[in-house]
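Okay, so chain A shows up in both of these, paired with chain B first and chain C after.
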Partner chain A sequence: MNKYQRVAYYPGCALEGTGHAYNASTKAVGKALGLELHEVADWNCCGAMEVKNVDPQVQTYLSSRVMAIAVHEMNAKVVMAPCNGCYHNLKKAEYDLANDEASRQVVDRISKKAGHETYRAGTLETIHALDWIKDGIGEQELKRRLKGSLKGLKVANYYGCMYTRPRHIFPEKDRGPGSESTSQPHFMDDLLAAAGAQNVDFPLKTACCGGAHTLSDSDTSTKLVLNILQAAEAAGAEVIATECPTCHSGLEMHQVRAEKVLGRKTKVRMLYFTQLLGVALGVGPRKLGVHENVSDGLALLKEKGLA
Partner chain B sequence: MSAARDALLARAEAVLEDWVRARGETPTQEAVETFRLLALHRQGARGVPSFNACRETCREVAYHYNLLAAGADARTERMMQMLVTHLELFVRGKMQTEGLGEFCCASRPVRNKGERIDG
Partner chain C sequence: MAIHEKSLIRPEDLKVQDKVVLDGVDVSGHWSTFIQSRVVTDYNEALEEEISALPGGEHIHRCWQCGSCTNSCTVNAVNPDFNPRFWIYLVRMGMESELLRDKDIIWQCVSCNKCTYACPRDVMPEGVMKATAHWLELKGHVPKSKSTQFDEEFTAQVVATGKIEEGRIIRNFFARTGQPLLQDWLLEMAKRVVRRLPFKQGLAMGWAALFRPRTRKWAKASAALGEYIHEQEARNRKALNLE
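Presenting the complex of A and B:
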C-alpha cells in the first residue's frame, strides 16, 4: 500500500471555522479516491502566525504535540495538514527539532510537564493535501476515476507564501522531476490539469496576500489581494484555485472589501482545489461546501455546466 | 514597449533601493543573472529571511522584462505592471513596521520583547 493512502489527518482550527468547506471537500475527495484520513485525536492549535511572535519554541512545542499524538497514539508514519499555516508550522517544528538543541530541550520539558511522550524528529512525515493526492493517487489514477471534466474552466492556481517558504524546511522539494518546486510550485496545476482544467499563466501564484496583517492593516491587505485578483483576471482566469483556508478567506473577504472601500469590482471566483477536484469526481457541490463560499462559485459551475 | 519595460524595471529597483536605504545600507550597483533588481533583493533579504516573500515576485518581474524584450504583447506589459505594483505594496507595507514598521511576517522583532512563557 502507498504510504499516503492511509494518513493521520490534522485539519487545524481554520477548517473547523471559516475553512469548513475545505474540510468537507478534502474528506469528500479522499473518499472518492479511496484515500483514508484518520483525524488526530485531541489535536491542538499549531499557534498559527501569532505564537511564534511571542515565543518560537513554544510554537515548536504546539506542533510537536500534534506529531507526538500521531506517532505515539496512532502509530502513524505520515500526517497530512491541508492548511498552509499548519503544514508550515509542522515542517518548521520538524526542522527545529532536528537541528536545534535548545528547541529539543524546551519541547521535552513542556511535553513532560504536559504528561505525554516527547516527539522526536524524523519519526513522522508531514505532507500537504496536495502531496497526499498527487503522490497518494497520482494524475493517471485520478483521471481514471473522473466522472466529469473541468474542461473549459480557466483556473489561476494560487499557492500563497507559506507552502514553499522558507525553502530549508522543505527538504523534499526542489528534487527534480516529480518533486514540488519552491519557486514555481505546480502540484495543484498538475492535479487540476488532470481533471481537465485549463491552467492560466499566473505570475503571482506565490505572492503575499497580506493575510497575517489583515486586521492591523486592512487597507494594505485589500490592495495586495485586489492586485492578485486583477492579475488573475488579466491572465484570463475565471477561478482562483486555493489550497489554504487563510489565503482563501483573505481573497474572498478582501474581494468584497475592495469593492466597498476602493470601488474596484472583480469577477473572478475562489474555489478550493478540493472543491474543483470533487466536482470532476462527480461529488455534488453541496457536499463539497461550494454554497459556503463567499464568492459565488456555484453560479459559475452552473454556467459552465459543471453543477 | 522598450521604454515601458525599462521604466517598470526602474520602478521596481527604486522600491528595493528605498528598502535597502531604510536599513542604513547603500544600494548595490551589482547585478545577479544580469538584473540589478535581483542583486538588490539579495541585499535586502540579508538578515531578513521574511523578505524572501517577494523573491519570486522579483524574479517574475525579471522574467516579464525578458518576455517584453523578446517582443511580447500588451498583456505581458500589463502583467509586469501588476507585478511591480505588488512589489511596491509588499515592500511599502513592510517598511511601515520593521522598526521601519510592523507588517505581516516581519512583525516578530517588534513582538519578541515579551517574556518567555515556557518556564
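Presenting the complex of A and C:
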C-alpha cells in the first residue's frame, strides 16, 4: 500500500474558519480518490506566522505537540497538512528538533510539564496536500478517475512563500526529477494539467502576498496582492489556483480592498486547487464550498460549462 | 542613477554643484553629486551583541554584506528605504543613530523568507529583522508596532485555548489598535461572503464566535507555555540590561 493512502490529517485553525472550503474540498477530493484522512485528535494551533515573533521555541513546541499526538496516539507515519503555514511550521519544528539541542531541551521540558510524550525528530513525515495527491495517486491514476475536465480553463498556479521557503527545512525538495522544486514549484501545475487545465506561464508563483501583515500593514499587502492579480491577468489567467488558506483569503480580501481603496478592479478568481480537482472528479461545486469563496468562482465555472 | 543605492545617502549629506569645470572639462550635472564628508563618534559598541542575544538575531555576525537579502526583498521592491543589508551593516558597526532613522519601517518585514533563501552565509536575515524590530521596542525607541500587537493577541489566544478563532482575533486587534471595524472594504467583503453563504454555515460561524474553539486537555500545556514565555521575556530584558 502506498504510504500516503492513509495519513493523519492536521487541518489547522484556518480550515475551521475562513478556509472552511479548503477543508471541505480536500476531504471531498480524498474521498473521490480513495485516500484516507484521520484527523489528529485534540490538535492545537501550530503557531502560524505570529507566535514565533513572541518566541520561536513556543512555535516549535506547538508544532511538536501535534506531531507527538500523531505518532504516540495514532501510530501514524505520515501527517498531512493542507495549510502552508501548518505544513511549514511542522517542517521547521522537525528541522530544529533534528539539528538544535536547545530546541530539543525546551520542547522536552514543556512536553513533560504538559503531560504528554515528547516528539522526537525522524519519527513522522510531514507532507502537504499537494504531496499527498501527487505522490499518493499521481497524474496517471488521477486522469483515469476523472469524470470531467478543466479543459479550456486558464489557470495561474500560486504557491506563496511557506511551501518552499526557507529551503533548508525541505530536504526532500530539489532532488531532481520527480521531486518538488523550491525555485519553480510544479506539483500543483502537474495535477491541474492532468485534470485538463491550461496552465499559464506565471512568473509570481512564489511571490509574497503580505499575509503576515495582512491586517497590520494593509497598504503593503494590497500592493503586493494587486501585483500578483495583475500579473496573473497579464499572463492570461482566469483563475488563480491556491494551496494555502492564508494566501487564498489574502488574495480575496485585498482584491476587494484594491478595488475599494485604490479603485483598481481585477477580474481573476481565486479557487483552491482541491476545488478545481474536485470539479474535474465530478464532485458538485457546493460540496467543494465554491459558493463560500469571496471571488465568484461559481459564476466562472458556470460560464465555462464546468458547473 | 550613478550611485546605485542613492536612497542610502540622506539628502542633507549630498552636495550638488550646478556648474563645475575642472581642467576645462565641464563635470556638472550627473557627476557633480558629491557626498559630504562627516565624522561619526556615537558608536554603540554593544549593538551587535544585543541584537544577537534576541531570538532570530543569533547569526548576524556571519554577514559579509553581499546584498542578496536586499536584492530579493519583497518589501524593498515596494519601498527602497527598506534595506536589510544596510541595517545589518549598521548594527554590526554599532551605528545606532543611523539605524534609528529607519526605526518606523523595520517592523514591516513580511517574513516571506526570500532573504533567508538567498543568503549564502545563513545569516537568516528574516530573523535579524524581527530581532531588530524587537530591540527597537524593548529599548523604547518605538511603541509596539501593529504587527507586534497582532502577534501578542494571537499568541495570547493560542496559549489560553490551544486554538484561535479568526473573528475574535480581528475584533480584538482592531479594538487594541483603535481602528474602526466598519471600514468600507471590510463591509464590502462581508457583503460578498454573506451573499452566497448558506444559513446553516452562517450559524456555525456565529457559534464559533460565541463558544471559542478549544483544544481539549490543554490546561497543563497552557500553564507551561505561559511560564516559559514569562521566563524568556525576563531573559531578553536582561540581555539588553533593562529593568
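Keep this in mind: the second predicted complex is superposed on the first by the 307 of 307 C-alpha atoms of A that agree within 3 Å, B and C clash if a C-alpha of one lies under 4 Å from a C-alpha of the other, contacts with A are read in each partner's own complex, and residues count from 1 in each chain.
By definition in this document, a residue touches a chain if its C-beta (ideal position, glycine included) is under 8 Å from a C-beta of that chain, and two chains touch if they have at least 3 such contacts.
Bear in mind the structure is a predicted one, so any value in this text is a computation, not a measurement.
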{"item": "Chain C versus chain B on the shared chain A, clash or fit after superposition", "value": "clash"}
{"item": "Partner chain(s) touched by A:114 [first = chain B, second = chain C, both, neither]", "value": "second"}
{"item": "Which superposed partner A:124 touches (first chain B, second chain C, both, neither)", "value": "neither"}
{"item": "First (chain B), second (chain C), both or neither touched by A:230", "value": "first"}
{"item": "Contacts of A:45 with chain B and chain C, given as first, second, both or neither", "value": "second"}
{"item": "Chain B versus chain C as contact partner of A:17, first or second or both or neither", "value": "second"}
{"item": "Which superposed partner A:292 touches (first chain B, second chain C, both, neither)", "value": "second"}
{"item": "Which superposed partner A:83 touches (first chain B, second chain C, both, neither)", "value": "neither"}
{"item": "Partner chain in contact with A:204 - chain B first, chain C second, else both or neither", "value": "first"}
{"item": "More chain A residues in contact - chain B or chain C", "value": "C"}
{"item": "First, second, both or neither for A:133, with chain B first and chain C second", "value": "neither"}
{"item": "Identified clashing stretch of chain B versus chain C [5-13, 59-67, 77-85 or 95-103]", "value": "95-103"}
{"item": "Intersection of chain A interface sets (partners chain B, chain C)", "value": "49, 52-55, 57-58, 61, 106, 109-110, 161, 165-166, 207-208, 210-213, 216-217, 220, 223-224"}
{"item": "Touching residues (chain side chain A, partner chain C) in the complex", "value": "13-14, 16-18, 20, 42-45, 47-58, 61-62, 65, 106, 109-110, 113-115, 161-162, 164-167, 182, 207-208, 210-213, 215-217, 220-221, 223-224, 252-253, 256-257, 259-261, 291-292, 294, 296, 298"}
{"item": "Chain A to chain B touching residues, read off their complex", "value": "49, 52-55, 57-58, 61, 106, 109-110, 161, 165-166, 183, 203-204, 206-208, 210-213, 216-217, 220, 223-224, 227-228, 230-231, 234-235"}
{"item": "Residues of chain C touching chain A in the complex", "value": "55-56, 74-75, 78, 108, 110-114, 116-117, 124, 126-127, 130, 134, 145-152, 154-155, 158-159, 162-167, 170, 173-174, 177, 184-185, 188-189, 192-193, 196-198, 201, 205, 208, 213, 215-218, 220-221, 223-225, 227-229, 232"}
{"item": "Residue numbers on chain B that touch chain A, as the complex places them", "value": "49, 52-57, 59-60, 63-64, 75, 78-79, 82-83, 85-86, 89-90, 92-93, 96, 102-105, 107-108, 110-112, 114, 116-118"}
